[in-house]
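One chain, subunit A, appears in both complexes that follow, with subunit B as partner in the first and subunit C in the second.
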Partner chain A sequence: MRENLLDVENLTIKYKVKNGNLFFNRYREFKAIDQVSFNIGPSETLGLVGESGCGKSSLARAIVKLVGLDSGKVTWLGKDWTSSHASTDRKFRENLQLVFQDPLASLNPRMTVSEIISEPLENYRKDLSVLEKIELVKKSMETVGLSTSMINRYPHEFSGGQCQRIGIARAIILKPKLIICDEPVSALDVSIQAQVINLLKDLQKRFSIALLFISHDLSVVKHISDRVMVLYLGRIMEIANVNDLFSNPSHPYSQALLSAIPIPDPIREKERKRDNLVGDAPSPIFPPSGCVFRTRCKKSTNICSIKEPREKIVKLGHRVACHHVSDEESK
Partner chain B sequence: MNRLLEIKDLSVVFDTPDGSVKAVNNISLDVDRGECLAIVGESGSGKSQTFLTAMGLLADNGRSAGIINLNGSDLLNMQRNDLNKLRGNRIAMIFQDPMTALTPHMKVGEQIREVLDHHQGLGKKAACEIIREMFNKVNIPEPDRRMEMYPHELSGGLRQRVMIAMALICKPDVIIADEPTTALDVTVQAQIMDLLNEIKTEIGAAIILITHDLGVVAGIADRVAVMYAGSIVESGEVFDIFYNTKHPYTLGLLNCSLSLEKKIDFLEAIDGHPPNPNNLPNGCPFNPRCKNVRDICREEKPEIKIKKQNHSSACHFELGVK
Partner chain C sequence: MARPKDEVRLKMDYTKSFFPFNTKNSKSLDALKDIEERSLWTSAMQRLIQNKAAYISALLILFLAFVCFVGPYFLSWSYDEIDWDLIEATPPSINNGHFLGTDSLGRDLLARILQGGQVSFQVGLLATMVAVLIGVTVGSLAGFLGGWVDQVLMRIVDILYVIPLMFFIIILMVIFGRNFYLMFIAIGFVEWLTMSRIVRGQTMTLRHKEFIDSARVSGSSNTRIIFKHIIPNILGVVVVYVTLTIPQVILLESFLSFLGLGVQPPMTSWGALISEGAREMEITPRTLIIPALFLSTALFCFNFLGDGLRDALDPRDR
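This part shows the complex of A and B:
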């Protein structure tokens, strides 16, 4: 069996929200992530899709311990990462880097590019001399396609696409094993988006980095991922190989997501029959009973409101949480 | 002809501390009744500024020249009072971010009633009746309860529906939708696009859809104008733009837009980034990023020329001909 880089078992994250009135402060807990399990193997890309508010970013933050988790277990490189003490966390983080959504906001405006990109080195490679660090920064900049003549400029002098490249240069400088990309291309223009996706794919091949690629855009996820996980209100609806999910989506939510994506081809788009979901996603603070998707699901029956569906294995590596999946198969 | 909105040789210049910046460069456009014109371009291409100018919403440091003709009235040289009679009444706008476009401290019903009061002088009761009907039309459930809500109490999709209801309430001739679905989730985006399609056929208004998403364009547009660095580089019927592309920039956009059906290893990205309008390159503005660039492209800016019936492009060369 292959050794997984990251194993997440039954991860649950709870947040507290104020739910009182003028005179009484009451707090209500809700589960942003509920019993989520998955793993990431070496140099694999796991795509994570879902609508806004479904807990995509919470999940990413919990993996790097930026938010605490309430139950569950995260194993990183074979070691238990949940119970480790903050003082030993540093060592783990060296191999785990992040790329954020807003390219400009994730760079310190008062630091030069060279300072930004070399910051991970200041933390983990204190043995290096200044010149060696600059050398590494330059190499990293070249790798992501930035001219090294811009090394002493500030972030505001760059365009969005270039800022995202700086963010990526910072993430790869320590040669991490896993990069978590939280919507890395959604703030970019189409032509720039394609450049950044190509860059990420290329880096992954060259340095065999694993990616956790978070996006709300299924066409981007399809292009870059090996496996895809579909999240809805903090629960996994479906997880499968990219080809299985896109050619044979089993969960009604995945099917609806796929049919909602516009195709840039007028003839196909006008002929196609859309199967639109009704309404918006319910608030995660008051999730529906039973299956969380039942309020928008066309196949919803009695059992859906009573019992939360457990994950079923459709085939090896393809899990679906829906009451109606096995029914269809036995027919 | 049912030509509703006609823009001719429009230029918009902004005075900035670094000198004047040309945001829109001599563009001409027109829309007919019952038609959807999509304006496609990347950020900074001038697509929003063109129509903000048409609505009289140009920033203070902006100057405009040219003709914007709405059904016989010249929007550019109009007194503010006359313009206010047209805006929201004959020409309406749907903005990208409904949370910032709606007033946070007014109930949504009240905000829409303001429009009806201003343009038609309707009383509260009559106005509520019309709003209820409109909410039903744009699929807002429980209209009476929603009218009494503040924008922050509504979800993103509902807020955008309120914006659309507000734009439609006086049955305008021209609706300008500036990236109406960019801030929404895909499932909600699909609902809103279907709604706009219905409006187009039912009300017969002209819709101008400003967007960067070619998938959205394919689903709704009849005609498309592609903008780059403040100029229109290609315009024509939607099928011509997608299947008989004439301009290398349009082709680049088509090649790098992802689709569920394409499975390619490497995207054909357009190199470089859009030019700074402060400092446009000589000749064709697209020349530093163009794959077919030749000497003439660096010297002379190509005019937009009709290449085929209803299909024009601003390129020195025929695409595919070397």
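This part shows the complex of A and C:
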């Protein structure tokens, strides 16, 4: 059995919201991420989809320790990362990079492109001379399709797509084993999105990097992922191979999501059956009892409001958290 | 200068970037030189020179400082020498060597202005520097680390804020006696408080920016983040505050001198000269106007320079 790069077990992140008056501070805790478990193998792409506010970014940030986690365990390259100290964090991070959502905001406006891209080198490869670093920066820029003549420019002189390429160049310069992409294309034009996604796909093949690809765009996720994880209010609803999920979604939420994908064919698009979700996602501060999805679920019954569904294995590597699933499968 | 060439190169490279995986490595070592030249400060210098007002101001400040520190050696009168023949304020004349006339005690006004300039420049720059160093360090630490560090540092600032300046100065005088250098301590003591508050506020807004997160993911330590990411981004605000502080400090110094801390007659400073001149402005307006001209020229220049520096330090402003 191959060894997983990243194992996440029962990860829970709690946030505090202020809930008091002028004189007394009271805090109310809520779970942004609740008991999430998954793993990522070498050079595999795990897609992570969910509505806004469901905890996708919190999950990504918890994995790279930008946000503290409250319980659970993150194992990175076979070593427990949750209990490690700040000094060992740095070693771990060398193989784990993050690409951010907002391309421009993730680049320091006072730094030139070469300074930005070489920042990981400054921290991890102190043995390199200035010339060697610049050579690496240039190589990395060429890899992501940036002209090396732009090496002295500042981030504001670039377009959004180019900025994202700079972010990717910074992420790949240390040849990491896993890159977490936190909605890397949501701030970009559709045409640029395609370029950046294909770039990521190519990089993955060339350097056999694993990706955790976060997005709320299902077609993008379908295009890039090997496996897909569906998140709702901080809980995993379904996790499956990309083909299984898109051809045979088991969870009502995944079914609703998939039915919302438009078909680029006007005739078929008219006939497309949509089962629209009603209303907004409930507030994670006051989650519904039992199954969190029951307030918007078509199949919701009594048991859904009483008991939280256990994750059921539909197939090897296909897990679903729904009371109604195993019944359907056994028929 | 190399602009048009750059444009051509850029266009060519743009077409290349449509074929993203061009593995042919175009090694050009001459490009390496550009990189070293374009650090934050050097590129800021380039932009500053392009700003005419700021550049001229900088030169004028340097010129004034040079004249103040070197000029006295070429005058026939020293600042504390009384010309007994001209014991009352006399108008300027080339014949007797008093190019700007004498003050009411018969001392050469030009010599006194130059001497006063030395003091004012020292106080203005050094005390401000002290205030900036302490203020930026404390403010960025408090803003960046947050939590109890922030609480402790800001409460210290609060406590220092409420100590009245007069009281503090009197205590200093009681303990150390009259001393020119105590003035730096007293002024720095007052000025860094506001600085630290401003820097703390700026740092707190920066702390949650994504590029700080991305620096951390790239493995940067807290020290590196503060010095490489936070401070360069707050320099604009700091520089503007510095240009507001320098005139404040120069005027504060004349107040301190009046209280007996700081410079004592016959030693002088621009602030002291102006307050002396103000007392006699009905008789000899010259003793007020000329030092005031020097002071306001210097302050104007500092303000233009500060404005220019703020723009120059921000690469987005071109």
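To be clear about the criterion, the second predicted complex is superposed on the first by the 327 of 331 C-alpha atoms of A that agree within 3 Å, B and C clash if a C-alpha of one lies under 4 Å from a C-alpha of the other, contacts with A are read in each partner's own complex, and residues count from 1 in each chain.
We take it that contacts are C-beta pairs under 8 Å (C-beta built on N, C-alpha and C of every residue); 3 or more make two chains touch, one makes a residue touch a chain.
These figures come from a predicted structure and were not determined experimentally.
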{"item": "When subunit B and subunit C are modelled together on subunit A, clash or fit", "value": "fit"}
{"item": "Partner chain(s) touched by A:154 [first = subunit B, second = subunit C, both, neither]", "value": "second"}
{"item": "First, second, both or neither for A:218, with subunit B first and subunit C second", "value": "first"}
{"item": "Partner chain in contact with A:194 - subunit B first, subunit C second, else both or neither", "value": "first"}
{"item": "Touched partner set for A:17, first subunit B, second subunit C, both or neither", "value": "neither"}
{"item": "Partner chain(s) touched by A:270 [first = subunit B, second = subunit C, both, neither]", "value": "first"}
{"item": "After the two structures are overlaid on chain A, angle v-u-w for subunit B, subunit A, subunit C in degrees (C-alpha centres, nearest 10)", "value": "80"}
{"item": "First (subunit B), second (subunit C), both or neither touched by A:142", "value": "second"}
{"item": "Partner chain(s) touched by A:100 [first = subunit B, second = subunit C, both, neither]", "value": "second"}
{"item": "First, second, both or neither for A:313, with subunit B first and subunit C second", "value": "neither"}
{"item": "Minimum C-alpha spacing, chains overlaid - subunit B and subunit C, in Å", "value": "5"}
{"item": "In the complex with subunit A, residue positions of subunit C that touch it", "value": "6, 9-10, 13-14, 16-17, 19-23, 25-27, 31-32, 34-36, 38, 40, 209-211, 213-221, 224, 228-229, 232-233, 313-316"}
{"item": "Residue numbers on subunit A that touch subunit C, as the complex places them", "value": "61, 64, 66, 90, 93-94, 96-98, 100-102, 105-112, 114, 119-120, 122-124, 130-131, 134-135, 138-139, 142-152, 154, 156, 167, 170, 199, 202"}
{"item": "Complex interface listing, subunit A residues touching subunit B", "value": "51-52, 159, 161-162, 189-195, 197-198, 201, 216-220, 222-223, 246, 256-270, 274, 276-281"}
{"item": "Of subunit B, residues touching subunit A in the complex", "value": "42-43, 141, 155-158, 185-191, 193-194, 212-219, 221, 238-239, 242, 252-254, 256-261, 263-271, 273-274"}
